[in-house]
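Down below are the structures I want you to see.
Each of the next two complexes has subunit A plus one other chain: subunit B in the first, subunit C in the second.
Presenting the complex of A and B:
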C-alpha cells in the first residue's frame, strides 16, 4: 500500500486578466467617455456632452430596469412597456400644468414639490395600469413567446391611441419648473441643472434597487427567481405573486422615467414611449437579460455614445448604438452580465 | 395539373375553396369587372400585400420568428428600383438591376441580423429587428439628397407600363388597352407566381423542418436539424421576397416614400393581416390581405360618417374619428389573438 501523496496546496494569486474580467463591463463606461475625449476637440463641450449622456443613460436605466427583471423572472417580453413611459409622461405633465403657481415660483422647495407630485401621480397611474396590463394582456399568454410579443405590441398601440383620444393628437409643450431652468458653469462647461438632477435621481434609484435586491428577503427571492424560478417555487414561494409585484414596480419606474424624459425634452408625444423602447431594448440586450447591474452599465454606455455621436455625426446617433450592440453581442452573445440561463 | 400547381396543399374546406376561387377570379379580371381607378388600385394593393403577408408568414407562421423589419426589406426593394430608375434612366434594365440589387441588400441585411440574434435567442430577433428597422427609417428620411427624405421620390417608370402607352387602339369590354393594364397584369402574375412558389416551399421538406422547429425547436435540434441554419435561411428568403414585393409596389405606385414603404404602421397592417387570415397557412395571407385592404379602403369612410353622426355625444366621436383607425385595429388584433388564434382559415378548416 503506497503512501498518500503529500498534500501541498498551492496558493496562486489570480493573474491580472482574471482579476479584471469581472469588472470589464463597468470599465467600458469610462472607456467610452475617454474615447469621446479623444474625438471631441474641446474639453468643455466634452464635459457638457458627458453630463447629458449620463443623464440620458440614467433615465433610460430607470425605464429599462423593470423590463429586464420582468423578463428575467417570468420569461415575459413586454413590448407594451413603451406605453407606460408615454402614459407616465402625460399624467405627470398634466399634473405639472395643473399647478402653474408652484412651477413658476422661483423657489426650489415649491418646484420640487410640484415635480414630486407629478412623479407620484405618474407612478401611481402607471402602477395601476401595470396591474391591469399584467392581468388582461400578459397573463393569458404566459409561456408563449410569439403570442406575447404580438399581444403586447397590440397593447402598446391601443394605449398610444387612447392617449390620442384623451389628450388630443398634438404634442404638448411644457417648460421646466423655474429653478430647474438654466445651467451652472463648471470648468468652462455649461451643465444644465436639470441634467445634474436627473443623474442624481438615477443614481438614487439604482442604489435603492441594488439595496433591495441584495439586502432584503424580497430581493433574494427575486434574484433567485431570475436564476431558477422552478427551484424558488419548489421551496414554497409563490413566484407568480412576486412577479406581479415586480411587474407593477417596473411599470411605475417606467412612469417615473417618462416624467423625467418629458422634463428633459420639454415636449411629449404619444409615440415617445415607443421610440424610447428601441433604446431600452438595446440596453437590456447589451446588459444581459435579467441583470440590473448590466442594465445600468448598458444604459450609461448608450447614453454617452448617443450624445457623442449626435455631436460628431448627427445622422448616425441611433446607428452607432446598434453598432455598439453588435460589438457587445460578438464579444458576449448573452449580453455583458448574463444572469438568466438560456431557456 | 391543378394539384401540382398548388403543391397538393388544398384549402381543405369547401367554403374556403369558394372564397379563394372568388378572390382569384376577381383579381384576375379586376380591370374588366370593376372599372375605375380606385378599384384597380385596391386590387393591385391586395396583390402586393398578398406577397408581403405570405412572405412574412413564412417567418412568423412557419419559422416561429417575430420580425419587425419586414417593411424595411419591403422599403429596400422599393428604393432599389426608385434609385436605379433615377440614376440609370427609364428602362427595364434599370428596373431589373434595382430589383436584384435591392434583393441582394435585403438578403445580406437579413443574414447579418439573423446571425446576431437567432444564434442566441429567437426573441432577440424581435427586439433587434425593431431597432434596425427604425434606424433605417431614420436614415432614409435624413439622407434626403439621395432618397428625397420625407417627401419620397416620384418614379419615371418605363413608358410601356404607363397609361400613355397604348398597344391597341380600341377599347375591349370598355377597358383601355394601355400600359396601366399591362402594369396591373405584371403585378397580378408576379403575385400568382410568387404565391405558388411559396406554397411549394412550405410543402417541401424544408417547410416540414420549419414547422417542426416552430413546434419544438429543442426536439428538432435533437433530431439532427440545425435550427439556426433553417431559421436564418427562412429569414433570408422571406426578406428577398419582401424586397421583390417592394420593387413591384414602387412600379405600381410610381412613387416611394417612408410613409408608403417603411413606416411602422404598415408593419402593423402586415401583422394584423397574418393574424386575421391565419398564421401558418399560405391561404391565410390571401384572405387576410383581401379582407384588410378592402376594410381599410372602404371602412375608414364609414368611420368618418359614424363620427359625424355621433358628434353630439361626448368622447364617442373622438373614438370613432377616422384618425383613430389604429385604435380599433389594435383592439381587433388583441381579440383575434385571444379568441381567434388560427384565423379565418383555421376556423373554416375546423368547421368542416
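Presenting the complex of A and C:
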C-alpha cells in the first residue's frame, strides 16, 4: 500500500480558564459547605447539618439518576417517575413491617438483612413496573413531549390511586430498625446513624453507576446514546433496547430511593413520590440533562443548601432550591454539565 | 450495471408533511465508487439517510444484496454491512477518540492490522487517541468519522460530503483513505460537492434534482461533457 499523505497533527492548546472550567461544578459543593461554615456559628451544628444535607442529597441523587439518563437517551420527559418512588417506599415498608422481629432486634446484621430484603423487594417491584410503564405508557409517545407530559402525569395519578386501593388512603408510620436509630457523636456533633448509612449507599450507587458508564461497553453505548442516539443506531446498536434497560434500572433506583426516603422520614404517603419529583427535576435541570455526574453534584448542592437555609432562615428553605436553580441557569443555561444537545 | 450491491427502486421519502424523494431509482455497483451529485436541496442526504433507515421510506424498495431493507431499523441495517459517515460527522464529542473507535467496533475489539491501517491513513487519531473527540479540529473529526466506518469490514459505505470545509491537505488524506477502502473491495456511495474529489474517486455518478434521479452513467461520461454538467447541475466541473 502507498503511504498516506503527510499530515502534521495539531490540537489547540487550552488556556488556564478552559482547563479549569470542567472542574468548576465539582468545586461548588465544597464552596457551599464553606459558605455554610462561615454563616453557621457553631462548628458542631455545621457538621450535623452537612451530614444531613449530604444524606438528603444522596437520596435525591438515587431517585434522579435514572431519570436524567432516561431523558438523555430517548428525550422522554417522565413525570411518572414519582410513582416508582412511592411504590418503592410502600413495597419496602410492607416488607419491613412483615419482619418486626428482625427490625426490632438490637443486631446490626439482622437489621441490615431486613433493610436489604425491603430494598430488593422494592427494586424488583419498581423494575417490573418500569417494564410495563415503558411498554404501555411511554413507548406510544416517543418524540411527542406534550403527550409525554400528559400521559405520564396521568400514569402518576393512576398509580397513586392504586396505592390507595392496595394500602389504604392513610399515611403509614414506621420506625427505623433498632440499630439505625439514634446518633453517634463526632467532634461534638450528633450525626444520625441512618444519615451516615444513606451517605454511604449514595456514594456506592454513584461509584457503581460511574464504573458502568465509564468502563463497560454498555456504559459507552449509553453515554454515546445520550449525546447522539441516532448515530449509535447507525453504528449497529439497538438504542431502544438499551433505553428499556436504562428505564428499568432507573425505575429500580427510584424504588431504592423511595425505601431510603421512607426510612429517613419515617412516614409514607401515596403522594410522596410526586412531591419529591420537584426536587428531582431541579437536580436534573441544574446538573445538566443526561449527566449522572451533574445530577450527583446538583443533588449534593440542593441537599446542603436546603439544610443550611432551614437552619439559618427557615422561611427561605422552601425557595432556596428554586433560587439555586435560577442562579445556575443564569450561569449555564443548559445546566452545569450539559450532555444532551439543545433540542 | 450487472452486479449491484444496492438498488433503489421507486423510493419515496417524506419528512413531516414534505415529499422529499420522488420515485428514486438507481444502482450502486459492487466494488465501485458511485458519486451522488446535484444541487443543494436535491435530496442527496435524504437518499443516504433513507438507505441507512434513519428516515423511513414511504414507498419503494431499498435492495441490499438482494434483500429489501427499506422497513428495517438502522441498527439491523448497519449489522448487514453498511456504514454511514453523515454530513455532520456524528462524532461523540464527550467520548475520547479511542472510545469513539471502540463503539464503532460492534462485534469486538478492532483487529490490530486494521488499527494499523487506520493510523497509517490518519496519524492524528493515534496522537490524540486518549483525548476527547470534541477537541479535535474539523478535519480531524472528519478523519475520525471515516476511521470509525473503517473499524470493521463493511460492504457498503455511505459517505456524505466528506470534504466539506476541509483544507486541501486533509482532503488528499481522505481521498487516499477512500481509495484504500475501494482497493480492499468495498463499495462506496458518496455525496460530494467538491467536483475534483468526485472526479478523482468516482467510477459512476447519479445526479439528483428536486428529489429525483435525473441522470446516471459513468463518472467519465459526466466529467467529459461540460454541456451535460451545466444542464444537470447548473455549472461545470471545469469551472468548479
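Assume the second predicted complex is superposed on the first by the 326 of 343 C-alpha atoms of A that agree within 3 Å, B and C clash if a C-alpha of one lies under 4 Å from a C-alpha of the other, contacts with A are read in each partner's own complex, and residues count from 1 in each chain.
Keep in mind that, in the parts below, contacts are C-beta pairs under 8 Å (C-beta built on N, C-alpha and C of every residue); 3 or more make two chains touch, one makes a residue touch a chain.
Keep in mind the model is a prediction, meaning the values are calculated, not measured.
K.L.:
Can A:221 be said to touch subunit B (first), subunit C (second), both, or neither?
P.N.:
Second partner only, subunit C.
K.L.:
Applying the document's definition of touch, where does A:315 land relative to subunit B and subunit C: first, second, both, or neither?
P.N.:
In the superposition, A:315 touches subunit B alone.
K.L.:
Kindly classify A:232 by the partners it touches after superposition: subunit B alone (first), subunit C alone (second), both, or neither?
P.N.:
second
K.L.:
On the superposed three-chain arrangement, identify whether subunit B or subunit C touches more subunit A residues.
P.N.:
For subunit A, the partner with the higher number of touched residues is B.
K.L.:
After the superposition on A, what does A:196 contact: first (subunit B), second (subunit C), both or neither?
P.N.:
Neither partner.
K.L.:
Taking the superposition on A as described, I'd like to know which of subunit B and subunit C A:150 touches: first, second, both or neither.
P.N.:
In the superposed model, A:150 contacts subunit B only, not subunit C.
K.L.:
According to the stated criteria, A:245 is in contact with first (subunit B), second (subunit C), both, or neither; which is it?
P.N.:
After superposition on chain A, A:245 lies in contact with neither partner.
K.L.:
Could you list which residues of subunit A make contact with subunit B in one structure and with subunit C in the other?
P.N.:
Dual-contact residues (subunit A): none.
K.L.:
Would you tell me which residues of subunit B are touching subunit A in their complex?
P.N.:
Subunit B residues touching subunit A: 60, 64, 66, 116-117, 119-124, 126-128, 130-132, 134-135, 138-139, 142-143, 264, 268, 271, 275, 315, 318-319, 323-324, 326-327, 329-331, 333-334, 337-338, 341.
K.L.:
Which part of subunit C faces subunit A closely enough to touch in the complex?
P.N.:
Contacts found on subunit C: 52, 54, 73-76, 78-79, 83-84, 86, 90, 92-95, 99, 102-104, 106, 117, 120-124, 127-128, 131, 135-137, 140, 148, 169-170, 172-173, 176-177, 180, 183.
K.L.:
Can you list the subunit A residues touching subunit C in their complex?
P.N.:
Those in contact with subunit C are residues 1-7, 9-12, 14, 217, 220-221, 223-224, 227-228, 230-239, 339.
K.L.:
So in the complex, the part of subunit A that touches subunit B is made up of which residues?
P.N.:
That would be residues 77, 79, 137, 140-141, 145-147, 149-151, 153-155, 157-158, 160-162, 164-165, 169, 274-275, 277-278, 281-282, 285, 315, 318-319, 321-322, 325-326, 329-330, 333-334, 342 of subunit A.
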